[in-house]
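Written below as structure tokens is the structure these notes are about.
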Amino acid sequence: MKILVLNGSSRENGNTEQLTNVMMQGVAHTYVNLRDFYIQPIVDKRHVLGGFTEVADDYEKLIELVREHDILIFATPIYWYGMSGQMKLFVDRWSQSLRDPRFSFKEEMKTKKAFVVLCGGDDPYVKGLPLLQQFQYIFQFFGTEWLGYVIGKGNAPGEVLNDKQAIQQANYWKKVFRSF
Amino acid sequence: MKILVLNGSSRENGNTEQLTNVMMQGVAHTYVNLRDFYIQPIVDKRHVLGGFTEVADDYEKLIELVREHDILIFATPIYWYGMSGQMKLFVDRWSQSLRDPRFSFKEEMKTKKAFVVLCGGDDPYVKGLPLLQQFQYIFQFFGTEWLGYVIGKGNAPGEVLNDKQAIQQANYWKKVFRSF
Amino acid sequence: MKILVLNGSSRENGNTEQLTNVMMQGVAHTYVNLRDFYIQPIVDKRHVLGGFTEVADDYEKLIELVREHDILIFATPIYWYGMSGQMKLFVDRWSQSLRDPRFSFKEEMKTKKAFVVLCGGDDPYVKGLPLLQQFQYIFQFFGTEWLGYVIGKGNAPGEVLNDKQAIQQANYWKKVFRSF
Amino acid sequence: MKILVLNGSSRENGNTEQLTNVMMQGVAHTYVNLRDFYIQPIVDKRHVLGGFTEVADDYEKLIELVREHDILIFATPIYWYGMSGQMKLFVDRWSQSLRDPRFSFKEEMKTKKAFVVLCGGDDPYVKGLPLLQQFQYIFQFFGTEWLGYVIGKGNAPGEVLNDKQAIQQANYWKKVFRSF
């Protein structure tokens, strides 16, 4: 089981990253910061003659990484009660991959497992719930198995390490991921 | 009451635009397509010495438009059960405006009214609900009055015009907006 | 298509009833007030030797009505951001019907269509959304087709008739129900 | 800080009870099973001349218990993706207490803290989220501080004890409650 962490945070060493690090300690995995990849916003060409056209950015690299892994961990700070724009840009582009004739993105996603890490400063345990529901619909669309999620609370970098509930959850999932 | 429509769609003349057009017929308003503005993803510098720094993009123009209007209509296609990446990029940057010393973004937003238009192809009347809940938290954060929302169903451009429920709703709100 | 309205309101001629009446004008249907039926709370005996036992109340009559109809309209006031206790008592007892050897409740429900009417006084268009999501899971469990929903705003009886948006929606669905 | 557990389960020694017991081990508290109290459904008389009238049931005893405690733990199995009918009957009656001239229910609730325990068999970590959102609105209405929640997975009694994530969470909150 190859594990890929997709970190949607905009800053280095932020709470999302730190909480994810706790969870992935001693777990073999690939880690990418979405901010290091240049991703253009989707242009919806599903109903345009000729369909989607090639886009000159780093999306292809990311989607190849997704395809090569079995477990996808979506780690995102809660920005305005949703996933970060960086992560949303990436997810939106999946509509293009769904039409990619080179492979069946939907079939491939169906065989994967997914996990979600959310960190936020404004009551994330409650105000993060719509974002979890959004992920539910996303995984449901593909038939991807959703393993679970961890929510952490923190604003200034490092604060999440004081969220004992989050750390405990991260440690619980660490054992699960190690067992894969 | 000055009205601003912020359209988050990636394509011209898509369902979101068409539904919004029905609603705004005969209503004085400013209309912008977010896709026509180059917006960089937020870099969270809230806890960095020196704070946020100037970004060379079109965000400033957009936020000026927001500031000049009294009613903000967020019109977005439902992409992957959330607002479009284009719109999310813009919203994320509000974190920077919150720290802008030139004006009190939070106080200004508090005096405005908001409205949401959602269009989607996959059961938007149900699967759009988490996105509405996200908008709720956003408006609640500012204390912005949320006037209401319209949901429309459609995939190929123009399909939403066959969603009689949506059209009827749009016509209802047209009267409301004309009365402002 | 035989239509059954299950009204969960505790009072006569309340907003839920009035809004539903607008919607059902000229539509052949059976109408029951759940408050007129004595329903005992479920006792979960799924894992008890012998299983569920007969309960001396009016549940049987109600479930027979459900079985005899093709479209179920769940009309409930929003009490504390959920369906009324009266309606919840009824729904909870479905767990017993699922184990009833005389018929396959799950299979029968799968062939039906469902509709939801909600009325509330405290921002029902937003604070009624979790209840809609609950109904989604209920209908999804059975595979029941969910036709749609109407939300109305009102506290004192009759107030909902001033909610033009709700009335318009009710009129829209009236046409749909007449066409069945 | 006096703690009251309100258990909405319909069966003895079910998962909700067992998970709550883990959490409350060594924590001084009052424990009541709502099923042991006879609670009549609310009759909404807010807009009736004379208002609410006395009801011959055990509600008064329960509400006195609520008033005497500082922390309220709502422990309920997830029945049909909502709180149990037993608990809903009780909560619905709060509308009557809000009009009770003998005390200010709203003011008193504002000073309390609340906690939620949910147990369900059908994907409770996701399908329990609308119920959490409902509780959010309930506590928000009063201004009650919401301490947090624990979700457990289980169908047959005792299964929740195998949900290590839930047990770990319960143990975390045990420490918190012991510290009050």
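Just a few scattered comments:
When the chains are written out, they are named A, B, C and D in that same order, and each has its own residue count from 1.
We take it that a contact is a pair of C-beta atoms (placed from the backbone, for glycine too) under 8 Å apart; a residue touches a chain by one contact, two chains touch by 3 or more.
The structure displayed is predicted, hence computed values, not measured ones.
Annotation of subunit B and subunit C: not jointly contacted by any chain, touch as defined at the top. Looking at subunit A and subunit B, not one chain touches each of them. The pairing of subunit A with subunit D is characterised as same-residue: of all residue numbers used at this interface, over half are used by both copies.
Separating the CA-averaged centres of subunit A and subunit C is a span of 38 Å. Look at where the CA atoms of subunit A average out and do the same for subunit D: the two points lie 34 Å apart.
One finds 24 Å separating the Cα centroids of subunit C and subunit D.
Among the residues of subunit D, those in touch with two or more other chains are 129, 133. Taken as a contact graph, with one node per protein chain and an edge wherever two chains touch, the assembly forms a single closed ring in which every chain touches exactly two others.
On the subunit C side of its complex with subunit D, the touching residues are 9-11, 14, 35, 41-48, 77, 79-86, 88-89, 91-92, 94-95, 122, 127, 129-131, 133-134, 137-138, 141, 155-157.
By the touch criterion stated above, subunit C contacts subunit B in their complex at residues 125-126, 129, 132-133, 136, 146, 148-149, 164-165, 168-169, 172.
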